[in-house]
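Sharing a structure, written as structure tokens. Questions coming.
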Amino acid sequence: MPKNILKVIDFSTSKKNIVRNKIIMLKTPVIVLNVKTYAEATGDKTIEIAKIMDKVSNETDISMAISVQATDIYKCRETVEIPVFAEHIDPIKPGSHTGWTLPEAVKKAGAVGTLINHSEHRLKLADIDTCISRAKELNLDHIVCTNNIATSKAAAVFSPNFVAVEPPELIGGDISVTTADPGIVSGSVEAVKKIDERVKVLCGAGVKNGKDVAKSIELGADGVLLASGIVKADDKEKVIRDLAAGIK
Amino acid sequence: MPKNILKVIDFSTSKKNIVRNKIIMLKTPVIVLNVKTYAEATGDKTIEIAKIMDKVSNETDISMAISVQATDIYKCRETVEIPVFAEHIDPIKPGSHTGWTLPEAVKKAGAVGTLINHSEHRLKLADIDTCISRAKELNLDHIVCTNNIATSKAAAVFSPNFVAVEPPELIGGDISVTTADPGIVSGSVEAVKKIDERVKVLCGAGVKNGKDVAKSIELGADGVLLASGIVKADDKEKVIRDLAAGIK
Amino acid sequence: MPKNILKVIDFSTSKKNIVRNKIIMLKTPVIVLNVKTYAEATGDKTIEIAKIMDKVSNETDISMAISVQATDIYKCRETVEIPVFAEHIDPIKPGSHTGWTLPEAVKKAGAVGTLINHSEHRLKLADIDTCISRAKELNLDHIVCTNNIATSKAAAVFSPNFVAVEPPELIGGDISVTTADPGIVSGSVEAVKKIDERVKVLCGAGVKNGKDVAKSIELGADGVLLASGIVKADDKEKVIRDLAAGIK
Amino acid sequence: MPKNILKVIDFSTSKKNIVRNKIIMLKTPVIVLNVKTYAEATGDKTIEIAKIMDKVSNETDISMAISVQATDIYKCRETVEIPVFAEHIDPIKPGSHTGWTLPEAVKKAGAVGTLINHSEHRLKLADIDTCISRAKELNLDHIVCTNNIATSKAAAVFSPNFVAVEPPELIGGDISVTTADPGIVSGSVEAVKKIDERVKVLCGAGVKNGKDVAKSIELGADGVLLASGIVKADDKEKVIRDLAAGIK
């Protein structure tokens, strides 16, 4: 068993992950950063951000994870203790798929989980099914992104570990989904739990501070998924500490 | 300038790359391995293959390069001296593109070049244009894959460093393109050179041994692009040495 | 209101459609033919097939519908009384979408419904949501195609009029889904009804004769969706009569 | 041979098409309207626009063609004499391609030609090759849309009947490409003719009046491709007459 998987088990005992029915899964409430392909979060710059999250997570004991570009998984995983996620996997098995993202490859590089169907990388319905199955088969934690209550509920049918609802029109914007459309958060939580109460729900889009995080928990979510709120901030540590303060 | 780029310049002086008008470009004739997403070439297994190519390239002084999954670029680059390529880049600039392959990211991870438009990952015409422009802008060497003489000629219009013609129906098969359809190789060379004589031409599909490599050179190509011929071989070193023997 | 809609209401009163809460919807049990882009079902040849179905439907009073290429909707609709469906709509509103299939366009051409997400034309999850919404908004009947029990259940979340489950590996084959995998039919019916009992379920793939149709009904389906079984038959009328005999 | 093809030959003799080496091709200079999926150009509204173009074309003897949604080809073709084009074809042969646009289908519905690779419906390089081959095989006239000089030149490699260059950022805008970027028009004409002088060149994006048309001819183009300039105009006939006045 590679070293990174042992580390993951360490995370688990250090309460950064939980193992539920032997499934590796982020401990909640959780703050998940998706660095996208921002210039401010490519290569060594991603590692710097991951280090800050790692430090704050250790100091505050708030569960955090970082989702990085495929190229940066290995080095990120070598450097930090917080769980590293892939931003995407393709619905494929090993074989002739030049340039696509093989689930086994992100796992071997050190990712413990992956985003699936992000708003900027949407998948066909049958492919979401395949990606979730592949993630489960490889024991990769997984966050399926959705755009409204109906798609959140549909995604829940596949019993993923997480559904993260993000209204596309609010992504990257200045107003948090928890303020602009709180009903989509509470509605998604309700709809998802009705299908399968084990599925956890995150929310995202415009999340920027601890108040937004606190509101998301209040609305029933198990945490937040955010990107520009941290990546584009001048003082990243200050923002990360503020976000963490929103939990408990 | 990051260390890996300096190393690339070392390759150049060690005759594994050439610098033409300050453009980083593989020294030819060249043998390029595309490992795809084969199980036999994911994670550490890719590194093992790269090490063998590195050893044979050093011993024979035959130019070789390896194109690997995005997740494996960094570690591969840290381990071997032969040029490491990405298998794909997306036609994007830094920004909000979750899970897509940013040219800057593969460069920073250590790739000196990339495949573009592989038969298993075809791109729209305008996006091929954009990918080539982005590769040039970042001084990433680039091999544009095509499927016949006409598309090879069309790709040459963008003056890429390399065009690699591979008839899709022969990819992964037992008969080399140089035997099954030699006219597509010589025809592509002629068509490409008519558009821009600086563009180099590789051929691929079914290439398995030194005889196939020798024939490709004879047909006017500057080398070969292959995958399963090496990846699926029991004795990879033997195959790589045989391929190398096909040059000179 | 255009003439074709009045005709649709005629179908309704002639028991070929039902109006449920003012929603136009095929009367069930139903036999739906999808002609795909077969040479044997392009242009006038489609019309000939539609005429045979129209005749048999009138004589047997068995509900039938035909899904045709966008180019053939208008003429088909002008010629026959059975409901004409589109094979696909794109998730768009009127605007700048050159060459895509506007829901309004198929409606105006005379279609009373459409397939959505056929196995040969799969859509992203969010786009299935949009297509179903657009179909409801325009009062277009709609059949959402799925590939297994889980995707059938996920599709049911959007409360479409119909879900049609078709295992891709059996499509176009010689063995009917009702024989090769009866559990996928009964399982889909159960899963769909659990989500929303108003959603009707069709099954397809390899369906060729009345026995297959009878079995589909026995398994809980509301009818069948088929293609090559009719289109590729030498004696189409004989096959259509046999299929009809499978109902009641 | 269906009636509509005979009519096409009539167009030819009436000088609305030319037959070059037995290839059906629009007579130039030409004004081609692409109605997209605008609400103002769906169903009967398209027919109304086509009738106006037909009338003006007859009165002025200026060559015009209209590219319409697949659903509207048949009726449009039945109603007007000007050549009717499809907005798109898919790179397919007859078979199992539910909901895709079969070249044979648009031909049988009455289209004499088609757009290929419109900016709103871009195709992969290999698929552009296939679409052009299929159009030639069926003797469908064809206009390959491109976005800059380089892609225009690449498209010319396939020797299509027409290349239409349209800078995407100017499409639907208020300033004509002939004013905003005249160099892209003259540059494309030069680049295309260098590859194959038989290929004719249109230009588009923001074209709104006769002055723009005159300028396009002056820049070496064989006509214009436009959409909103006519479709969104209050007085369509006035605009069409003005555009026609730009020729000769």
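Note that the chains are named A, B, C and D in the order they appear, and that numbering of residues resets to 1 at the start of each chain.
As a working rule, a contact is a pair of C-beta atoms (placed from the backbone, for glycine too) under 8 Å apart; a residue touches a chain by one contact, two chains touch by 3 or more.
Note that the coordinates shown come from a computational prediction; the quantities given were computed from them, not determined experimentally.
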Next item on the list: Mind listing the chains that sit against subunit A and also against subunit C?
Entry: none
Check: Which chain is most remote from subunit A in terms of Cα centres?
Finding: D
Check: Are the two sides of the subunit B and subunit D contact the same residues or different ones, given that same means over half of the numbers occur on both copies?
Finding: same
Margin query: Report the inter-centroid distance (CA atoms only) between subunit B and subunit C in whole Å.
Written below: 47
Notebook entry, point to check: What is the distance, in whole Å, between the centres of subunit B and subunit D, each centre taken as the mean of its C-alpha atoms?
Noted result: 39
Check: Using CA atom averages as chain centres, what separation in Å is found between subunit C and subunit D?
Finding: 34
Item checked: Shared-contact residues (touching 2 or more other chains) in subunit A -> none
Notebook entry, point to check: Pairwise, which chains touch?
Noted result: A-B, A-C, B-D, C-D
Checklist line | Residue numbers on subunit D that touch subunit C, as the complex places them | finding: 2, 34, 36-39, 42-44, 69-75, 86-88, 92, 94-102, 104-106, 108-109, 115, 118-121, 171-172, 227-228
Note to self: Which residues of subunit D touch subunit B once you look at their complex with the stated criterion?
What the structure shows: 117, 122-129, 146-148, 150-151, 153-155, 157-158, 195
